[in-house]
Structure formats: C-alpha cells, structure tokens
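Got some structures for you, see below.
The following pair of complexes shares a single chain, chain A, combined with chain B in the former and chain C in the latter.
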Partner chain A sequence: MLASVFPTLVFYLLAAISLSLAWSVVTGRRILRAAVSLMGVLAASAGLYLLLDSPFLAGVQVLVYVGGIVVLLVFAVMLTRTTELLEDHPTRGRQLIGAVVALTFFGLSYCMMTAPAFADRALSALPKNDVAAIGRALLDTGENGYALPFEVVSLLLLAAMIGGIVIARKPAALSKPEVHNG
Partner chain B sequence: MSWQVKTMAERTGDLLPGSPWTAVLYVLLTILAVTAFVTLCGLVLIYAERKVSAHFQCRLGPMRVGWHGLLQTIADTIKLLLKEDIVPRDADALLHILAPVLSFAGMLLVMIALPMSPSIQVADMNIGVLYVTAVSGLGVLGILLGGWSSNNKWSLLGAMRAGAQIISYEVSATLALLVVVLFAGTLQLSGIVQSQETGWWIWRAHGCGIVAFSIFMIAGTAEINRTPFDLAEGESELTAGFHTEYSGLRFSFFFLSEFLNMFVLAAMASTLFLGGWMPLHVGHFTVFNGIMDLLPPGLWFTLKTSAVIFLIMWFRWTFPRLRVDQLMRLEWKILLPIGFVNLFVSAACVVTGFYFFAG
Partner chain C sequence: MAEFLTTHGLTLQHWLVLTSALFSIGLYGMLTRRNAVGVLMSLELCLNAAAVNFVLFNRYLAPTNLGGAERLDGAVMTIFVIAVAAAEVVVGMAIFVAMYAERRTVDVTRLDALKD
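The block that comes next holds the complex of A and B.
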C-alpha cells in the first residue's frame, strides 16, 4: 500500500510547490525573487521527471534550466538597474496582450494533448529510458528518429548565437583600428 | 578480483521491507555521517591550507593553539560562530539568507554521489556525471544572489565576475568530463571507477587523458574561484567580493562550501582520471595488481584526493592572479578549442579501439 501511495503524495507535493512558486513568479514585484521562484518551479519539474522514471531528463532539466537559464537570467537582471524593472501597474494594452497570449498558449496545448494523433505518436516514439538509447534516437534519420528536429534546433541556436554577437559588437570597432595598450 | 559496489541507498532499500523504522534510522545515521564528514573535512582542509601556504612562504603557520596549531581551526570556528550576524539594512533579507544556503546545498548534493570506496557512497546514480555537473550549478546561483542581495557595489562586482567566470569555465570542464565518459562508456560514477581496473584513464587514454586532465584541473580551479582565478574576491580590488557583507554563520557557510568544493573537485578528478578507489593496476600483471590490492580502496581514494588537493594548493601559492581579459581569453581562445579537438581525437580513439588495454 505504501509503495502506491507514496508517488501520488510526492506528485501532489511537487505540484503544489510548482504552482505556488509559479504564482509568485508572476505576481512578485521584486524581479530577482521572481527569478529564484522560477528556479524552484524548474527544480520541481525536474522532480516530476524523476517521478516519471526519467532521471536523465531530470538531470538535463537541472543542468540546462537551473544551472544555465536561471543563472543567465539573474546575470542579466544584475546588469540592469533594478528601478527600471519595477513595473507596478502595467498598461491596459499590455494586460490585454498578456491575457491573449496566455489563453492562446493554453488553448493550443490543450488541443495538442487531447488530439489522439499526439498521444499515439508520443508513446510510440518514446526512446527507451537509457542515455545510449536517447543518443541513438537523437541522431536517427529513420521513421522514429529525431535527427531533423535536432538539427533544426541546432540551427536555431546557432542563429541566436550569431544574432547575440552582432548585437553585442560595438559599432566603433568596425571603423577604428584596435588599440593595444602596454 | 571483482568489486562489489554497495551504496547507502541500496542498503536502505534492503532494510525497507523488513522494518521501515530501521531504514529510517539508517537514513538518519547516513545524514549524520555526511554532516560530520563535511565538518571534519572542512577543518582539515583549512588547517592544511594554512600550513601549506606557510611552508611555501618559508613560515611556520599556526603553531600556538595545540600541537603545531592543530586546534587553531577549531578556535577560529568557535570565534566565527559567536560573531554577530548582520544583514545590511537595505538588502533583500530573504535572498541574503538564502544565498549561502544555496551555495552550501550545491556542494552537499555533489557529495552524495562521490564514490569514496566500494562500500562508501551514498547514492550511485545512472546519470552520475550529469548529476554532478547539474547540481554544482547551484553554487554559482548562491554566489550571484549573495553578491546582489548585499546591496554593495563591491559584492555586486565580485558576484558578476564569479558568474561570468564559472559559466565560461563550466564549458571546458564539461568537455574534459565527456572525454572520460566516452572512454568509460558510462555516466555512472562507480562504473567509471570500475572501468579503470586495467589502468587509470589519465594514461590509458594516452594523450587525450593527460590533456583532458589538465583542462579539467584548470577549469575546475576557475570554477571553485581559487587563485589564480580568484578575481571574484580579489581582496586588493574588491575587499572580499561577493561575501563582503556576510558575517558569522552565513559567512562560514560560504567559506566552508568554498573549501569543500576544492575537495569535491579533487575527488572528481581522481575518480575520473586517477581511478577513484581503484588501486594502481597495470593491465593484466596479476602479481603487481595483487600487491596493489593489499591497500584498501578507501585509502587509495584518500591518497589520490589528497595529492590532487595538494596540487590545487600548490597552484594557489605559486601563480599570480589573472586579469579579467586574460581570464576570458584563456577560456574562449585557448582551453575551449583544445577541449573540442581533444574530444574529437578521443572519439576517434574510442571508435578505433586505439588505447591501452582496449576491449
């Protein structure tokens, strides 16, 4: 009995943690606290993955989101002045746009998950839960392989990286020769 | 000779069907043991650092409290714990309190996965190496938040430097880790140790192993913010960097996690490249291997880890601190390309079976 109740209990605990932290991410007025709450949400979803018996996914979740995305977010917040980020009363237009985006996202994900094709596809294409199997599936060009999505995502990341470099490059560096001191 | 790996987590699982309360007791004892180990290890490391630094500078170091100053660290700890605990008035108090805890948690969670001997390891995860890299990312978050929430320009600058440095060097360290993962063919830490039964990866993977070890040591030293990479707390320019505003217990959390991160780095380096608890074996020379097996695995782990810790301390008291631009150039223009090439070469070696005692 204990063995069956325990995962359910853990699930509800994790769900409650992520929901309350997600609420504080959205409603919190201090941006850095919101970032810390976001970290909590992402860590809780790593816990959910563990509960679903996919430790590799949980590890990647912590590595990429907690160790990467949140750290970069905090870093970016620290580079800007805190007063600029305090927005107590968003304008009506922004509220409207936010609501529309949220509703569209909810509707889309609901349609996706209830579509029968999605459920079949998700189950059949699921690689065995083992790092080697996931690696093979990622580079497999066959029926259930993920080589194309993998490459598309890589291309997207590359484009983002080049964009970042172009934005960050000082325009003066193009015309002026580089000065070496010492 | 085959090694039976039995972790604390497995033993708890064995106890569970019989009597749940014994299992709970065992878990509590394990937690107590880990805490005691962390405290003791911290005390020893701080004493060793003071003595090593002293002898590098032709001094004696602490000599007065106890025999050769052995009780000096304990006296300092008591002093630290009795200090007033200050939170700056305009600081974000919650984050100020949370930051050292995060930093400490990052270190402690890694400690769980370290294989210290076949019988001393808290949990042996299938994704061991991934877990260690993932969880140690919490430490940098603690440093960033600590610097930001102190509401102090020096702290903020120190935290920014630490953040940039750790994010950059994490890439090289991971590339070096991947080399060993390629050769061992597993992410499990005990599996990696057992894959070194015919020799340690640092020399069995010939050139690749040595290059990966060097990159891992350089990047690792940068990740734990030690000299020559201690720009985050450069006392001559930033007073003490991100922990300037911390005092008492919270400061000791930062301090302790910094020292234990050194232990974690050394333990990881010895596990991945120097065989961990595996005795020094050479191929199938049974007589030689048998003699080496006389020393228990736990002692091998301790010896290797201590040697690597001494190496890290040696770095600290030998090299001057880098400038920020030198730091970034070293990572992005030198270490990273070498790391990538090394990874490709080792992949080729693994595919062709071109390494010592393959198969």
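The block that comes next holds the complex of A and C.
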C-alpha cells in the first residue's frame, strides 16, 4: 500500500512547493529573492521529472535550468541593479489585467482537461534505458528521428551566444576609431 | 489521509491542473512585473510548465499501437524547450545589460521609446 501512496504524496508535496514558490517569484518585491524562488520551482520540477520516471531529464533540468539559467538571471539582476532595491507594486489596473488573463487561461485549459480523451489514461511503459533511447532519437536521420532539429538547436545556441556578446558589448568599443579621428 | 490518497491516485488531470496553474502564475507575472528581469523569470515559469507537459503527454498519451512504449518524442521536445530557454535567457540578459547602459533602468513601464 505504501508503494502506491508514496508517489501521490510526493506529487502533492512538490505541487505545494512549486505553486507557493512560483507565487513568490511573480509577486515578491525583492527581485533577487524571486530568482532564488525560481530556482526552487525549477528544482521541484526536476523532482516532478523523477516522479515521471525521467531521471535524465531531471538531470538536464538541474544542470541547465538551476545551474545555468538561474545563474544568468542572477547576473542580469546584479548588472542592472537600480538605486531602489524594492520593486514597486504593480498598479491596480495591471494587477486586474494580469489576473483576468491568467484566470481566463486557467479556466479555458481546465475546460479542455475534462475532455474524455484525457480521462483515466494509464501510464505507458518507457524503454529500459531512456538515456540511450533519447540519444538514438536525437541522432536518428530516419523518419522519426530528430537529427535536423538537433542541428538547428545547436546553430540557435551558437547564434544566441554570438548575439549576446555583440549586444552586450560596450558601445564605446565600436565608436573608438571615430573618436580617434575627431 | 492514507485512505484518501489510495482512492485518489494520480491521474493525468492532476498533473495538468498543476502545470496549467504554474503556467497561469507565470502569465500573471509577465503582465504585472515591472522589472524586465522579473518578466523574463515569469516567462521561465511558463516554459518550465510547458516542458513538464511534454513529458506528461509522452507518458500518458503516447499511442501504443505506434510503438508508444519505445518512443520518447516528449522527452526530446523537453530537451529542445530547455535549450531554447537557455538561448533566450542569454539574449535577454544581453539586451537588459545594453538597455541598462543606455537608459539606466529596466522598468518595463518606463521603456516606451517605440510609443512616440
């Protein structure tokens, strides 16, 4: 009996953690604290991947999201630190718009969730070695393979890296020769 | 409580409620946050919820007659989502740093140069 209760218990625990932390990400007035809360949400999502029997994705989540993206966001917060540390509360109008849009989205998707296609589906079995299966799928050039998207993503990452360097570079480095001439 | 948990086992709908609630919270944050980095964080919440959904549908809805037990398309899509999220954060951070050097603020309500 314990084996059947345990995943449900962990699910509710992770759901409570991620929902409360997500709420503090979007409403907290200290932006750095929001970044730490975001790290908690993403780590809880890694737990959800484990619960879905995808340990490889949980590892990727921790490595890329928690280890990379959140660190980049913290850098962005620190490099753009304005004089006021506390962010102002949003105006009533913006809060209203945000609440209406978010609740409408949730309501619409809840209506779709109750569709019979989603009711009482059992978990499908996974291949024994999911890392090997993911690797084969990513490099498969056949009909169901993802070799082309995989290469496109690597190009996208390269473009993002170069673009990031070019955009964030000091504008002075570009205009230096002109200053010299003048 | 143990009785409640055994009779109310996890179904696809439990998961979907959780992920769409996370997505809605992110949506709310995108529309109310004033700091541009905060908007980006809310966007990450949305992306993360969508990525979990991909794995979810892979696990619960993969058609077994097409070899659903052997297919991991949802997991592969999640990896792509994570990669795109990383690329997007890099570009976003670069834009915010450049914007801060130019305007000394990243408050989205005051960045209205395109308005006039």
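Here are some notes:
The rule we apply is simple: the second predicted complex is superposed on the first by the 120 of 182 C-alpha atoms of A that agree within 3 Å, B and C clash if a C-alpha of one lies under 4 Å from a C-alpha of the other, contacts with A are read in each partner's own complex, and residues count from 1 in each chain.
Going forward, a residue touches a chain if its C-beta (ideal position, glycine included) is under 8 Å from a C-beta of that chain, and two chains touch if they have at least 3 such contacts.
The shown structure was predicted, so the numbers you read here are calculated from the model rather than taken from an experiment.
Contacts of A:C111 after superposition: neither chain B nor chain C is touched.
Look at A:L155: by the touch rule set out above, it reaches neither chain B nor chain C. Within the superposed three-chain model, A:V62 lies in touch with chain B and out of touch with chain C [touch as defined at top]. With both structures placed on the common chain, the touch criterion links A:I167 to chain C but leaves chain B unconnected. Looking at the shared chain after the overlay, A:L72 reaches both chain B and chain C. Number of chain A residues touched is higher for C, counting chain B against chain C.
When the two structures are aligned on the shared chain, A:R33 is found in touch with chain B, with no touch to chain C. Comparing the two complexes, residues 56, 60, 68, 72, 75, 77, 79, 130 of chain A contact chain B in one case and chain C in the other.
Interface of chain A with chain C (complex): residues 1, 4-5, 7-9, 11, 15, 18-19, 22-23, 25-27, 31, 34-35, 38, 41-42, 45, 48-49, 52-54, 56-57, 60-61, 64-65, 68-69, 72-73, 75-77, 79-80, 82, 87-88, 90, 94-95, 97-99, 101-103, 105-106, 109-110, 113-114, 117-127, 130, 133-134, 137-138, 144, 146, 149, 153, 156-157, 159-161, 163-168, 170-171. Of all residues in chain B, only 20, 92, 94-95, 98, 125-127, 130-131, 133-138, 140-141, 144-145, 147-149, 156, 159-160, 163-164, 167, 170, 187 touch chain A in the complex they form.
By the touch rule above, chain C contacts chain A in their complex via residues 2, 5-6, 8-18, 20-38, 40-42, 44-45, 48, 51-52, 55-56, 59-62, 64, 68-73, 75-76, 78-80, 82-101, 104-107. Interface of chain A with chain B (complex): residues 2, 30, 32-33, 36, 39, 55-56, 59-60, 62-63, 66-68, 70-72, 74-75, 77-79, 130-131.
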